[in-house]
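Okay, so chain A shows up in both of these, paired with chain B first and chain C after.
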Partner chain A sequence: MNKILLFASLFLVSFSVNAQKIYATKNGQIVFNATGGIEKIVAVNNQVDSKFVDATGQIIFGVLIKGFKFENQLMEDHFNENYMESTQFPKADFKGYIKNIKEVDLTKDGNYNINLEGTLTIHGTGQKVATTGVLQVQQGKTAITGEFSVKIKDYGIKGLYIGEKIASEAKIKVNCKYQN
Partner chain B sequence: MKIKNIIIFLIIILLAAGSVYYYVFIYAKTHHRNIQSEQGIAIIADSLSAQYQNNEQAANAKFLNKAIIVKGQLINITQNQQGQTTLLLGNANSFSNVSITLSKNISLTQKPGDSILIKGLCTGFLSDVIITEATIQ
Partner chain C sequence: MQKRVAILLCLFVFISTAFLQAQTNQNFDLFAESNANLSPDITTATFKTTRIVNGQSIENVGAGVLDFRILHRFGPLSQGGYNFFGLDQATMRIGLDYGINSRLMIGIGRSTFEKQYDAFVKYRIIRQQSGERNIPFSMSYAGTAIYKSLKDATTNYTPYASDKFSFAHQVLLASKISDYLSVQVTPTLLHYNIVDNATIPNDFYSLGTGLRLRLSKRVNLITEYYHRFNKLTGYDDPLTMGLDIETGGHVFQLNVTNSTGMTERTFINETTGSWSKGDLRFGFTISRVFIVSRPKEFRNNNY
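Showing the complex of A and B:
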């Protein structure tokens, strides 16, 4: 009898361990905006790789710099060669946690405000960041959106016009729809 | 005589400024890099993802920012958030594959399981090797 109880409880424990779920997408979107003057400096990347785990709130976003498309080819070339040096530093990522994941009910529709903390690495330089976002659950589909600013010079990015035609703080807009 | 020289000088300056403006703000907006007209490096999808998994830096030196022609088995077809078609090429059991975003308005007749040949720009490696601006060959 005791053995049966032991097995039954082990069985239940193994269930609760397996209950964590990974949400992932390979086609998230990031919009970069560093417009400082009249000329629009905006680029879009539609190949954002992101995953998060519901049990721990651990989250990662990865993006390739050469995947950012500008309207103006010359701007794109300068972005890659003179500023981001994307041959040397091909990717940027954020690794961290959704601190208040326990407040999110992923089985219930709604918009949940989330707090993110972690390390943002751009141009080979990592910086601790904290930001907020919205986790949306709608008919079983999960999405995370957020917007934050990065000080370009914090990431060792040099080059002309920063603080003039190029804003000293770039706006980064994230929109990831996860496949369950 | 002197006035004539000054006028010629001014005209040259104006033409130079005009052509710089044209190149930077008009030409560069309408003339984008055309991956399809570049000579591509031909490779099998499984080999491309294997090279990236073994040594990302060495693979980047070979493929990053280059036009690539990839042949492989179609694992799945999805759409990205802007409605562009995306394909996954390689082996469904493999940890990393080749993730492809097709250029706008390209229709696809192949189905998952079919062999396919595409040409696009290699932008690097995340969970998969990423190819953008691709067309079907």
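Showing the complex of A and C:
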């Protein structure tokens, strides 16, 4: 009797531990495009830190601003020095929820449309953001892709060329493949 | 007895489950986590460009980037109105610098002054950074070879080709103290393959200093001064002041200097002008960069 109880409780304990699962990656990708004129203003960051919890839909993305690589080193320096002020604001992050996580079956292959809501903090300024994305499950591997744009001025980023050479809205593409 | 044990066990299980769950829930609050993604934060843009004015700065051009630069100096102000305060005259250096990787760069140049060719390598040894490791300064090595192709006065011996060479070895030590202030010191050894007579040494030691002061996001005030420990007589220490102005794709620099040459030998050791006598020259530098080889992030993808 006792043994049964013990096993039952152990089982319960282990079950409760496994009820939630964290999906995480340290090398997700974010690409942004702020081309406003002829000159291509595109940067890529391949060290995106992202995690989400399957039960609650809680999700975060974090990047170091200096991790954005440009084709042109000079442009990268100007991006860090003059626009993002990355010594003062070294990070950008998104903290939010996958609103419809209940509609996603992480054990079944498929592409699920997800709705994300949360706070995007760039240049030390937080803004509420709502966007859509795709959560892909394929042979047990989980990936999230999404695309949205931000108004650069909403984040207190100032500069001579915003609205000219630099588009006033930057397109941001996210692509994260999670380890389970 | 058995009952009591069972109850105790139940209680224990209940508590431990609750505890574990509480703990896991706590662990699962992603927002509370400080996402410790602290890869080393390497300091960039200590100086705005690869030269302070004439001398090498701690900066390199990016990997795969070709930097075409024109350095231009007018004549001395002290020449007065007849020579339009020096603007009638000009001396220049055109050069090409290339970043082999993020640490190593090479460059070649040609100066009109003394018809010199020069070539250099610059290697980043230590990079200022914070995060995993805290290093408060950067260190690089710069080595320059200078070939003076100006025809010398006739001599009673046949000079070797190597006689026209001189060399500079420099250790660059720099620190970006804040976005507003950077400093650099540059211990320098200059070597002449040949000097005028046996009493003059072949090696000269000097210490360069550089300073960057931010005036606005796009304009920085810079100064450069070299103190010579042993001197060729008849020459002055070089002192230069300038403004670095960033305009999108290139850096434009305006400066006032007392040196004519723009290679290490000529500006450190053979500066003829004197600030006190008003032998100052206006000058400017234009730099334009071209991407020769795209960084690996962009090589296979077109975003």
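Criterion: the second predicted complex is superposed on the first by the 163 of 180 C-alpha atoms of A that agree within 3 Å, B and C clash if a C-alpha of one lies under 4 Å from a C-alpha of the other, contacts with A are read in each partner's own complex, and residues count from 1 in each chain.
Methods note: contacts are C-beta pairs under 8 Å (C-beta built on N, C-alpha and C of every residue); 3 or more make two chains touch, one makes a residue touch a chain.
Keep in mind that what you see is a predicted model, and the values were worked out from it rather than measured.
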Chain C versus chain B on the shared chain A, clash or fit after superposition: clash
Contacts of A:Gly28 with chain B and chain C, given as first, second, both or neither: first
Contacts of A:Thr87 with chain B and chain C, given as first, second, both or neither: both
Comparing the two partners chain B and chain C, which touches a greater set of residues in chain A: C
Contacts of A:Lys95 with chain B and chain C, given as first, second, both or neither: second
Partner chain(s) touched by A:Gln73 [first = chain B, second = chain C, both, neither]: both
Touched partner set for A:Asn46, first chain B, second chain C, both or neither: both
Touching partner for A:Asn175 - first (chain B), second (chain C), both, neither: first
Partner chain in contact with A:Leu106 - chain B first, chain C second, else both or neither: neither
Which superposed partner A:Gly62 touches (first chain B, second chain C, both, neither): both
Chain B region in steric overlap with chain C, selected from 2-10, 38-46, 92-100 or 110-118: 38-46
Residues of chain A that lie at the interface with chain B and also at the interface with chain C: 26, 39, 44, 46-47, 49, 62-64, 66-67, 69, 71-75, 87, 90-91
Chain A to chain B touching residues, read off their complex: 26-29, 39, 44, 46-47, 49, 62-67, 69, 71-75, 86-87, 90-91, 175, 177, 179
Residues of chain A touching chain C in the complex: 1-2, 5-6, 9-10, 12-13, 16-17, 20, 22, 26, 31, 33, 39, 42, 44, 46-47, 49, 51-53, 55-56, 58-60, 62-64, 66-67, 69-78, 80-82, 85, 87-88, 90-91, 93, 95, 159-161, 165, 173
Residues on chain C engaged by chain A in the complex (per definition of touch): 2, 5-6, 9-10, 13, 16-17, 20-21, 24-25, 28-31, 33, 35, 37, 39, 41-42, 44-45, 61-63, 65, 99, 179, 217-218, 246, 248-251, 289, 291, 294-295, 297-298, 301, 303
Complex contact set, residues of chain B against chain A: 23-25, 28-29, 31-33, 60, 64-65, 78-82, 84, 86, 99, 101, 121, 123-128, 130, 132
